[in-house]
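Two complexes, one shared chain (subunit A), two partners (subunit B, subunit C).
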Partner chain A sequence: MLSVDHLSLSIAGNLILDDVSFSLPGGQTLCVAGESGSGKSSLLKALNGLMPARFEQLVFNPKTGFAVTHAGHWQGRPGLKGSRWVMQDPIAALNPKLTLGASIAESIFSKNLSEANLENAVSTVLSDVDLPSEMTTRKPSEVSLGQAQRACLARALIASPDLVFFDEPLSALDAIVQKQIAKTMKQIQERYGITFVIVTHDLGFAAAFADQMLVLRDGKVEAYQVANSFFAEPASRYCRDLIEAARDLGSLPQAPLSSGRPAEVYS
Partner chain B sequence: MPNDRNLLLKLENLSARIGRQVVLSNVSLSIKTGECVAVVGGSGAGKSTLLRCLMGLTRPASPFEGRLVFNGKETHFPLLQNARKPERIAYVPQNPDQGFDPLKRLAWQWRQASRIITGASDFTDRQKQLLEQLGLKPFGRSFPHEWSRGMQQRLLVAMALIGEPRLLILDEPTSALDPLIAAQVLRAVKAYAELHDIAVLIVTHDLSLAARNAHSTAIMNSGRVVEFGETATLLSSPQSDYGRLLVKHRDWTVLSNPQSSGSITAEQSFDAVS
Partner chain C sequence: MTVAEKLVLPEEPSLEKKMRERDFNRFLLNLGIGLLVLGTLVAAGFSFTPYAPNAADFLNRLSPPSAEHWFGTDQLGRDVATRILYGGVWSIGLAFLITSIGAVVGTIVGLAAGHFGRAADTTLMRVTDSFFAFPELIAAVTIAGVLGPSTTNMVMALILVGWMRFARLVRGLSVDLAHRDFVTQARLNGLPSWLILSRHILPNVGPSLLVLWTNSWSRTILSISGLSFLGFGVQPPNAEWGAMLLDGKAYMQTAPHLMIFPGLAILVTVLSINLTGDRLRDLIGGEALSD
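The block that comes next holds the complex of A and B.
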């Protein structure tokens, strides 16, 4: 599980995040939504120790039973042990000089595996993300965006993390590829029980994926709800506007939803 | 024919190439006055090339075949040596960062646009009205970054509308903006277009956006229009393989739908093309 109590982050006197708390059980998905500039990405950075945030408590409890509690300032530390991060732009996230195979293997370099074991691990993880094995010898410039994003997913997965952060994982991809990668993500989560924290502004994606919804607005928590009830009865006017906008753009179905997950109701 | 009077744009058999590679082949399209048409396709399908050809640009892709009738005027593409934009087509780029010079004041940029399009740089009443209808405030002395992105995007639309175009082209109107702002921009544009009988061409990779807004939709794949017809018909009974794939992946229900698991092969074959 991942539990964050009263996180706040200020940079040069500006309050970027103000009193954000959530608690996410293991194997579930939290989707963080909000306009651009609302602090979604800053939240990820703060959780990974890339920004000087203040916590009252941060508990991250991997399945090994090893609990970490940090109080006070959290700055310049390495990210949460046992977590990985998948970025928005897969081409920028991969080293252009390395083959995909090398990039993926680099993620567990510190484990000092033998060549054969390493190859084994890479091929397992490639089949998990539906990439053909010949992709290991390609460079990022030689594959499509969708395949590159799958490689990033593989790179995160090979370290067998308990928690994966996603920063807009689909927004660089086109509509069909988006849905196929989302499907792969779902399969992976079901197979390994990994906890996901996904920053997205696509509410259609969030509706199909999230167990919990966290909506940020100007760094404050506008809504923190179970996904079902968020889409059925949004907590505030602003959330209703967000859902309305997603309907207008066609990423959410038109009819107001009474119960259940929107995706299921719609099909 | 009564149909012909309504016809605003008719594109026949447009083919274009970059170097030796043919990137568009035999693209035909028609748009009626005041209609909203969407062009849908994955990355690399030739959507942007099509736009550039419509705007009369010949680089990097140069059209070598085809005929365009727009607003009663006819252009043959191969003869188009010195590229000239057909009058009264306006184009709104995907992203305000591409559309504005960040170092110049908005008022200056507006004057430039106005001078190029109308020949006079003074701020007419009509232009004031235009800004008002799109919900924009006077510029003052502000720079682009002082406005929100939604307002910047609406200002780009307003600039495109200075010349009273008959056809407004929106390139991926939603992908650079967050949904709240994208919906707001789209609403404003649609309201204005309806009021003034302007045809809108939306270029997008997202069929659900087309389904919500467009009267008719063209689906492009690897440089061809594989399907063109009324959006409703197309959604209910897509004729081509690629169309079926798009319709199937239109909304997020595919995630909870186990039958579509075989689609990875389809993704790869279409990826290979792009």
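The block that comes next holds the complex of A and C.
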């Protein structure tokens, strides 16, 4: 579904990402973890064509999206077909002058739907993300952070994407709202079988979602493992420290679980 | 999921936002009342004045303010009050026109510079900088010197030197906006340039633009009066406040009302527009980008 081979990215002589590879089957979730500055967000930007990355192979959903199978330079036209991106700060990601409804509808601008069809599509996704329909007329300054992030989810979802990127989707939110949004994300993924790539530094959140874990450290891949084995037997000392730290903070349960996902904390 | 779901509060707009809205509505109300009163006075002036602005009355030259001539008469016996009324159309109306054209041109240049890549940006902003190098008075005097003094030439000169501040403002704001997350989202969602500009950039530049426009308007009124006073602007016998000052200068000792009343008209107009602009800036300017 999404496979990346030997992707690297350097900006002004600084190597931001060095030889990152992964291969993610459809409908699954890859969580990208690491400290700040490790290149997590740059990976998303590179994959979305906002930064000129070098790669040997880059394949995504031959059906609708990009399928680049040769080595080369990827600074694709921004706006990959079949994928959407949910950003960290929902208020910054929404135009303050547009209503939520207008922002959501804009996501499928290229489909040229009629007014009525557009309204239908918007109200469908609004119920998918548990937002009341009167939210379409609100401006971002008139809703809570959680509602704004739901609107961003709706904006991604309305395009019926095969792949959704998330950049720290919860870290701007309160604990309670985090929990609710995570639940909604899970419902959406189960209902539509969307592939998720989630950048997060919250290992508890990652544990609840990930099928695969990718840990970056200084732009290099520190670990790339199936989630269960990552939490049971992390590949490196550094990953063990990360997991320990998350346990100490209480965002991961203390004892490693041998089977199943470590903890269904978000479900 | 029991406690958590019940805790979702219906979000009320913050207290601060409500207060801001109240202040803004009060400002609009005051502005509306002010404009209504002013409009009524001006309309009454135009319909009830028994004098024509350029009608000479040689029996009544340089007469001081009286019941017949509220602001007195000038050296040709023309009614100063009527001339101030008609002169306002030149001063305020021309300045309005010049500033609006400058705002449109500057906005287009600024948007283009901010949106269409580095080459466009560099070219357009260097052109803007070179226009900044001409002091507007000298530019106008030069144009008048080459083409001859006339109202049209003055308007052209002031448009030529008046658009750059708009270009700089719009360019700066749109470069900043271009890196905002919501504009990135719009690009990722495949919106064409014209929609990104019209839906995402321009509406967020608008409030700052309005503040600058108000400020430029009052400056332009001063420039028009200044140029007319120097003889490069509105030409006699047309009444314009600066031109009236020029006419009255010779009689400053014996008939000071010829200079006092046009001077007061300029003062009050520019002060009103400036104060309105300042209040507008306080209310919307500082947070032009964050709604």
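In this text, the second predicted complex is superposed on the first by the 252 of 267 C-alpha atoms of A that agree within 3 Å, B and C clash if a C-alpha of one lies under 4 Å from a C-alpha of the other, contacts with A are read in each partner's own complex, and residues count from 1 in each chain.
Criterion: a residue touches a chain if its C-beta (ideal position, glycine included) is under 8 Å from a C-beta of that chain, and two chains touch if they have at least 3 such contacts.
Quantities reported herein were computed from a predicted structural model and do not represent experimental measurements.
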(message) With both complexes overlaid on chain A, does A:G146 touch subunit B (first), subunit C (second), both or neither?
(response) both
(request) Based on the superposed arrangement, let me know which partner A:P25 touches: subunit B (first), subunit C (second), both, or neither? (result) neither
(request) Classify the contacts of A:P52 with the two partner chains as first (subunit B alone), second (subunit C alone), both, or neither. (result) neither
(message) Contacts for A:S36 in the overlay, against subunit B (first) and subunit C (second): which applies, first, second, both or neither?
(response) first
(request) Look at A:K179 in the shared chain and tell me whether it touches subunit B only, subunit C only, both, or neither; answer first, second, both or neither. (result) both
(request) Could you say whether A:G193 touches subunit B, subunit C, both of them, or neither, answering first, second, both or neither? (result) neither
(request) List the residues of subunit A that touch subunit B in one complex and subunit C in the other. (result) 144, 146-147, 176-177, 179-180, 183
(message) For the complex, give me every residue of subunit C touching subunit A.
(response) 1, 4-5, 7-9, 11, 13, 17, 180-182, 184-191, 195, 199-200, 203-204, 289-291
(request) Under the touch definition given earlier, write down the residues of subunit A that touch subunit B in their complex. (result) 35-36, 130, 132, 144-147, 171, 174-177, 179-180, 182-183, 186, 201-205, 207-209, 241-242, 244-246, 248-251, 253, 261, 263-264, 266-267
(request) Would you tell me which residues of subunit A are touching subunit C in their complex? (result) 48, 50, 78-80, 84-85, 87, 89, 92-98, 103, 106-107, 109-110, 139-144, 146-147, 155, 159, 176-177, 179-180, 183
(request) Please name which positions on subunit B make contact with subunit A in the complex. (result) 42-43, 149, 174-175, 177-184, 186-187, 205-213, 245-246, 249-257, 260-261, 263-264, 266-268, 270-272, 274
